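As written, the chains take the letters A, B and C, and residue 1 is the first residue of each chain.
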Amino acid sequence: MPTLTYRDALNQALREEMQRDDRVFLMGEEVGVYQGAYKVSRGLLEEFGARRVVDTPITELGFAGVGVGAAMVGLRPVIEMMTFNFALLAVDQIVNSAAKMRYMSNGQVGVPMVVRGPGGAALQLGAQHSQAFESWYAHIPGLKVVMPATPADAKGLLKSAIRDDNPVIFIEGEMLYNTKGEVPEGEYTIPLGVADIKREGTDVTIVCHSKTVAVALKAAEQLAADGISAEVIDLRTIRPLDTRTVLESVARTHRCVVVEEGWHFAGVGAQVVDTIQREIFDALDAPVLRVTGAEVPMPYNKQLEKLAKADPAKVIAAVRQVLYVD
Amino acid sequence: MSTKVVMEALSPTMEEGRVVEWKKQEGEAVAVGDVLAEVETDKAVMELVARAAGTMLKHVVAAGATVPVSELVAVIGEPGEAVEAGGNGKKAEGRKDGKPDAPAAAEPAKPAPAKPDSAKTEAPTPGAPAPGTQPTADRENRPTSMPPAPPAAAATEGGRVKASPLARKIAAERGLDLQGVAGSGPQGRIVQRDLAALSARPASAAAAPQVPAFRPIPAGEPFADVPLTQIRKTIARRLAQSLGPVPTFYLTIEVDMERVAEAREALNAAGQGKISFNDITIKAVALALRQHPACNAWWQDDHIRYWNEVHVSMAVAIEDGLITPVIRHADQKGLRQIAAESKDLAGRARERKLAPEEYTGGTFSVSNLGMLDIEEFTAIINPPEAGIIAIGRIAEKPVVHEGTIVPRKRMRLTMSCDHRVIDGATGAQFLQTLKGMLENPLALVW
Amino acid sequence: MAGTATKPGRKTIDPATAETWRAWLRQMLLIRRFEEKAGEAYSLGKIGGFCHLYIGQEAVAVGTIASLRPDDYITASYREHGQALVRGITPRAVMAELFGKAEGCSGGKGGSMHLFDASLGFLGGHGIVGGHIPLTTGMAFAIKYRGTDQVAICYFGEAAVNNGAFHEALNMAALWKLPAIYICENNRYGMGTALERASAIYDISERACSYDMANEVVDGQDVLAVKAAMDRAVERAREEKLPTLLEVRTYRFMGHSMSDPIHGHYRTKEEVEEQRKRDPIAVWSGRLIADGVMTEDEVKAMDQQVVEEVEDAYRFAEEAADPAPEELFRDVYAPEEN
């Protein structure tokens, strides 16, 4: 199986889906001539032409709305947000138009659209460029929210997202684009709404997604050296949430830590915790703890930024706490 | 404003407590929930926790002092603040009815009366939150932080048992009573591991003589590790100080061996190899351990490992010393198998041909000097095991049997017990069972 | 202004045109009587939520939609009952939707502001001012993408032209040369704020100059003028693949929504009375009578017919069933077969 970067896995998925279905087009800032701000769309303009690889003005609201309108009448747009920080301008279109059209129209008009791009912090990009918004979108009925952590998942999930008949918010990671992994060639899809056990364990379940999968795996490795066996579950899709995989795991391990990059208040983890305590209260031996980003706008300073992020040490501390080992 | 720290009633019956050790020194910063001192109560060593934030201004009593409940022990306040709490040892005002005062610092901070113009007239001091308060954002910013711990007393508080949902479920399934179980989680929460070795008992059993009941080990588990309770810790520390690393006590019991002798004769008459008294005793010990798993345990410094398997070590004298080959799963083996194994192990022990795994991993030991005419003796415990039985000789003695003095074969067993693991009554009950088995050896065969 | 092209006068009208003109009057009457009935139902508590009436603006819906083909796409704001009726959603289906009934054109789940009929290319009333304008650009983009000769049109009020969605959408339509027609129904008030209190320029059509986009101002109370202007815009879109901003000057005779007074603080009773003198229905029926296309009695008979049709729609809506409880969770997501 070839080893690809996350970036190239996304590129491959886009290319394959555009080859497969003429209704699929890519639209966004710098996706064409510039080859993509993060080079995810490299080579696509050359292959598919300006009809299907469309550079836009810097108007997130506008081109998100164009995507919704095109989807309403049968196309399958992939709208690239240079980052999800800029997608804030398009939230009206995503929430008020895309997420509700099918319902408001009594099922007559759907919006099969993917809005994709990197989310969360990279390095020292400061407060306005370092935000994880998945919980915002996951809050909205009508949207699906997908966040792959590995190159293979990136390919399989993007292909499924493009084929999905619903608006899908597909959040990548700037820090993930260069990560490498084996990626199956050709037709390879992963169903949305299915979590993945990235590491098996027996003592505690660590639930995570996107960039925090690597954080959790690192923590699990260090915990193993202390004789603590941690299971790492990558949600992969935030909405619909694969509660079954999470619950089955926690029912076995009796302890759980939920890790996410975003802020604590009303984060994705809060939803996971809610599900666990409601469904398998009697299986719990400890309160479920959460490791999140600090409740601050992201500082520019490198050391402060490090403090603000979820890291393996914080995950380990939480795991030890739910195991009552300290 | 300073806050008085008083000796709190850390057990329902506590009247005074001894400050074992100050955990917060004078001048040290104190947050709500911090452990200020270890206090030994009539039952255990408990933690006295801070109910106000600030700086430890003064230890009113020194470590080692015993202080009545509700008497002042320390003062917390702002650095440099004058301690107006009175002289050393001065009693805080107690109630006339003799009940301890509610600790002064435990009173919830009363919010200042809301005044519409308070913002103008009373500028709050920046960076100096009121004791016990934190800016909300800061609190939210510590996702893994726990609420300040109230005193880590027993998990039972006003009749309500603090236990994790899982612990409650296990208890319900196994018919365990959580009341009185020492929880090892935060605020004394009973968690899964606290139940690992807890035995089933009716939820409201009439108070039997307080011999710690043993806790069954879940089926399929070779053993269960049980964290040390405060009382276990205290016993361990004190007795070790007194007697050396393994604080041992000894219990002797005399067993009537008439019926064992008859049974042995009958068995040996059938041929197929000889069974010794020693073999029979090993088997009996193993079966008795099965009934008294509290004696089938290892001391592990910070916890006790209760074994769900019985492996009997058997002291064998060899040239220049002794070695203890192990009869594994002795409780599950027949007498003939034990006899064969012990003979083989002893033989190879003398030839020094035992593999390490053949002389390690025992859960309890026996040592026999009866063949050397020793009446009774005390054997030395083979750590981490917690007990050893010293077997004396079998001799005919005049005893009153069914109203008349008759000669009967008698044997003395002396059990050395590691007091950190086994208490007197626990060991005694085990010996009672063992005696019963030897005096009714059919139990061994079946 | 192109609004003066339709002076009445005795001339020979060919039968087909006469038929069309009568049909327009009937559509305008249908909107008027329907909206009056909706207002009544609202005051009786049979219609809930927001309800924005189209009374006074009838000629705009009729004149513009008259230029369209069945396969063109229409998107509108939340004041869209008129366009929905003219496009062909039955009065029963619209009224039932206002009543929140299962037989409504959006199954009772859309309501007054979200009327849909995909089979008619009527792709929604939308509730966020200006938010739907980019959707029309997207539909026009899809038309160009597929290479068909459809047209996408969008209705919005003059208050929407000040927001970003309007500018972003028009810029892209002009930039990419898309077959879109942006119809600004300038009824002078964004809720209670007069145009001149919200917009730095008075002539909204001039906004199109920023994008080098064709534009026109038309008298919205004159259905023939509206139709003529719309014909030009449609031809530009269909033939030249270019967008148009059409400013249609009209007037809302009722309050912003049913919970607003007709005039209130932001406009005078006298102003409303003055504007009512140019009631588009009176203007058009007068023209038809003057041209000998209809008699006064015929107009009255037509009106009576329309009243009965609206009464039928009302009874239908009243008797229709509420959506079944299981409808609550249907259509949040697409059905699970893909």
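Structure notes:
In this text, a residue touches a chain if its C-beta (ideal position, glycine included) is under 8 Å from a C-beta of that chain, and two chains touch if they have at least 3 such contacts.
Just so we're clear, the structure is a prediction, and the values are computed from it rather than from any experiment.
Closest to the middle of the protein, by Cα centroid, lies chain A. The interface carrying the most C-beta pairs in contact is the one between chains A-C.
Relative to subunit A, the chain whose mean Cα position lies farthest away is B. Rounded to whole angstrom, the centroid-to-centroid distance between subunit B and subunit C, based on C-alpha atoms, equals 83 Å.
Separation between the centroids of subunit A and subunit B, computed from CA atoms only, is 49 Å. Centroids built from CA atoms put subunit C at 41 Å from subunit A. The touching residues of subunit A, when paired with subunit B in their complex, are 254, 264-265, 281-286, 289-292, 294-296, 314, 317-318, 321, 324.
Only residues 137, 140-141, 143-144, 146, 164-169, 184-186, 191-193 of subunit B touch subunit A when the two sit together in their complex. Subunit C makes touch with subunit A in their complex at residues 73, 75, 104-110, 114, 116-119, 123-124, 126-128, 131-143, 145-146, 152, 164-165, 167-169, 171-172, 175, 330-334, 338. Listed in rising order, the residues of subunit A touching subunit C in the complex are 25, 51, 56-57, 59, 61-75, 77, 92-93, 96-97, 101-110, 112, 141-142, 144, 163-166.
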